[in-house]
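In what follows, a structure is listed as structure tokens, so that the remarks can point back to it.
Going in written order, the chains are labelled A, B, C and D, and every chain counts its residues from 1.
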């Protein structure tokens, strides 16, 4: 082994956005001139550089921009939706779910907590308590040393944010990376990991259409960290029912 | 408080069974003359006595015997299915899921791992490795002191059983109560708890149509323990999205 | 089974208190005229009534009031210490630890986070961030339906309290029941369960010598709930190394 | 960023071995001619190459070869002990513990389950059930996609091994990576992760003085994977009690 080596293949990341708030509200468009997806993609590029090959997709494209071919070429998908969760076709949701169970990483952002894909993978209502009042959010790291928390201050200070509070109806996370507090006194499990099938999922609540949260340097860093963390490790393929003969593992026919 | 007190209300338990194997195979009918549901209900009654009010329901009844009214009067539902998972109507599955999220306990048994209701609540494929070869299963307690393991030997010895082996594609359980080994060398997470919404779920793999496992005294005890453990604690109602004013909790308007 | 039945044996609870703040500071003595242990014991009695037989013990008694005989007659021990953790003898700490591993419940309160017994059972430093500034603490339930959270509002409002904040250096709890926020914006895992050996441990941070927190009705209820939850289920005895012959479980010699 | 980049610093790994079995028993010396530590170090080197800088240390060296200086230069420590756990000085154990809480990785191997350092970090007895009868062990992956399980077959087949069985008295692991079965029917949580303070710990049971398990290619791969996984992420320093002024995080004085 020499002191240098070829880079691994760049991570293929698809940034998905509903894309409606930007079209309905001029102030959202002003805040996110390249769309919320544009801001998210920028933040990932900032941190992963050549290590990521980014594309974006939105609700109003054919098949929401998430054809079988796009997903086959995606290592990690990020998801932002808000007003139009119901317009996402069940077929595309099932397609994404199969890919996640087969190893594709999924980063669910903010109001994506109520998306079809997240509730379908969690099995619960994913409901919560909320208030849009421009409150300060403090994001505290509960798992120091977790790769998703690398390089961020304790706490991350977000000056203005929508309040999301408990009870957040999700399964107990595999790892609770962040818990937030809000000026109003509420708390929220704002950074949670889940493994489902062969896929890794990270839910991260900071980020909103009405506040410039996706321009916040620490929020960008967390999302970039999460994309790297959620990358599949080699194996791709949905788990399946397997009929096994006795002693199959002696025959070298390991699986 | 005196030395005696009134009993709490008996637990209302509904034992659900697909009920097809018994009709298709004479040897299954001979093994379980009152149906698999009959054997399961008997085992629960043996342990909970007056503490449980049992009813049964099967696939071929109208609405599979699981009307809104039946579910409204059910504290804990047990589920056994095998050949006809697909015939369970999506509407009834969604109805059961809403009840579980609202606090009803659910005990999923053996081949119920692949039922619509379990896979819907887990979000994963719930697939596994299997072999029907009459192997000995040893059920080891990994959480001594857990109420579901109360009173059973370590290990439970089941002389003949279908093999279920890892990888079992479920979310990481909240508590791993039992792990089994089989003569052929496979291992399986045979007793797992999950909380979803306000409901408690227990998956327990021992039990089969082709072996008299539901007559096994320790298996019966585990199922009865699980029914008691899964009972709702007072509150019933599915979590929902809540818009909160600032300081709502100061007004005594706690929720 | 008739409609009434004999009560189970009352739970034998020992409430341990360092007992120094009350002697050093008149205002603490005024706040807790029967000692902090007195207030804690009162709160448990309020909720468990005849279901608990309470005794108290303090640092300055011989063997800190925790002789082998006292511990042998204790189902659940509650622990409050603050100024004098180092004065607790290592021998008594090891004695308590053996009992916990053997099935005795342990409820560690507030500044007990830094006691020898808690840090010994956790293996970590159990350090945290703190500030004594009379801030409002809100205690949010993250595990609705958990028996320790039964009957308390969401959130519990404590008008004045010492701030405890993350990072709290503990192992990841088995169950995270409560998370608190403070006026200053910090968050804290304020209610955590851990199983160690055959014993159940609950750490609960609300409660202080400088604020009347042990008179708060919801705090009292949580402690009483926790005492009930931590009660041993029958088996008592520290796990030990066991040499096993092959097939020992076939011989009926199960353990 | 170009297609090549400088390698990160090599991981500094210290392989610790009690080193007594090799001196007492000729057949152990024959099986492990460079000592058990030699075989373990070889396996790590095989997989990490220039990515690791290895050294070894043994019980009979001054300070057991684990001076403050050695530990200050160690990123990950592996631990193998068997006959002489009691001879390890409490001072060295405490020194190692402080380093683990401060971020040093620790891999505990096989009979190291009963070492002072492991039991001290776990807080429990770490006892188990055992039998030395040359049984086949099958090591099943329960967390596919976990970096510690990368590249190993499912199951790993070890032809001859000492049996370790449940109940294994450890805290519930953060992640349960492997569960083993043995010819005799027992099961064991053979691969477990734990975070304590800022350090990562992995316990891995396969490996013995009486069987050539540390020459097994899959066992070597797991240990090498674990060393990489346990490497600290930047921060080093034991958590400590912090007194915080209100609003400290606004001042840029984040910690």
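The criterion applied here is as follows: contacts are C-beta pairs under 8 Å (C-beta built on N, C-alpha and C of every residue); 3 or more make two chains touch, one makes a residue touch a chain.
Because the structure is a prediction, the values reported are computed rather than measured.
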Same or different residue numbers at the chain A/chain B copy interface, by half rule
same
Between A-C and C-D, more contacting C-beta pairs sit at C-D
So, in whole Å, the Cα centroid of chain C is separated from that of chain D by 32
How many Å are there between the centre of chain A and the centre of chain C, using C-alpha atoms for each centre?
38
Touching at least two other chains at once: which residues of chain C meet that condition?
138, 144, 154-155, 165, 167, 172, 174-175, 185-186, 195, 249
Can you list the chain C residues touching chain B in their complex?
1, 3-7, 49-51, 103, 138, 143-145, 147, 150, 153-155, 157, 174-175, 195, 198, 200, 232-235, 249-250, 254-255
So in the complex, which bits of chain A are touching chain C?
136, 138, 140-142, 144, 154-155, 165-167, 172, 175-176, 179-181, 183, 185-187, 189
Name, in rising order, each residue of chain B that touches chain A in their complex.
97, 101, 114, 120-125, 127-131, 133, 163, 165, 167, 169, 171-172, 174, 184-186, 194-197, 238-247, 249
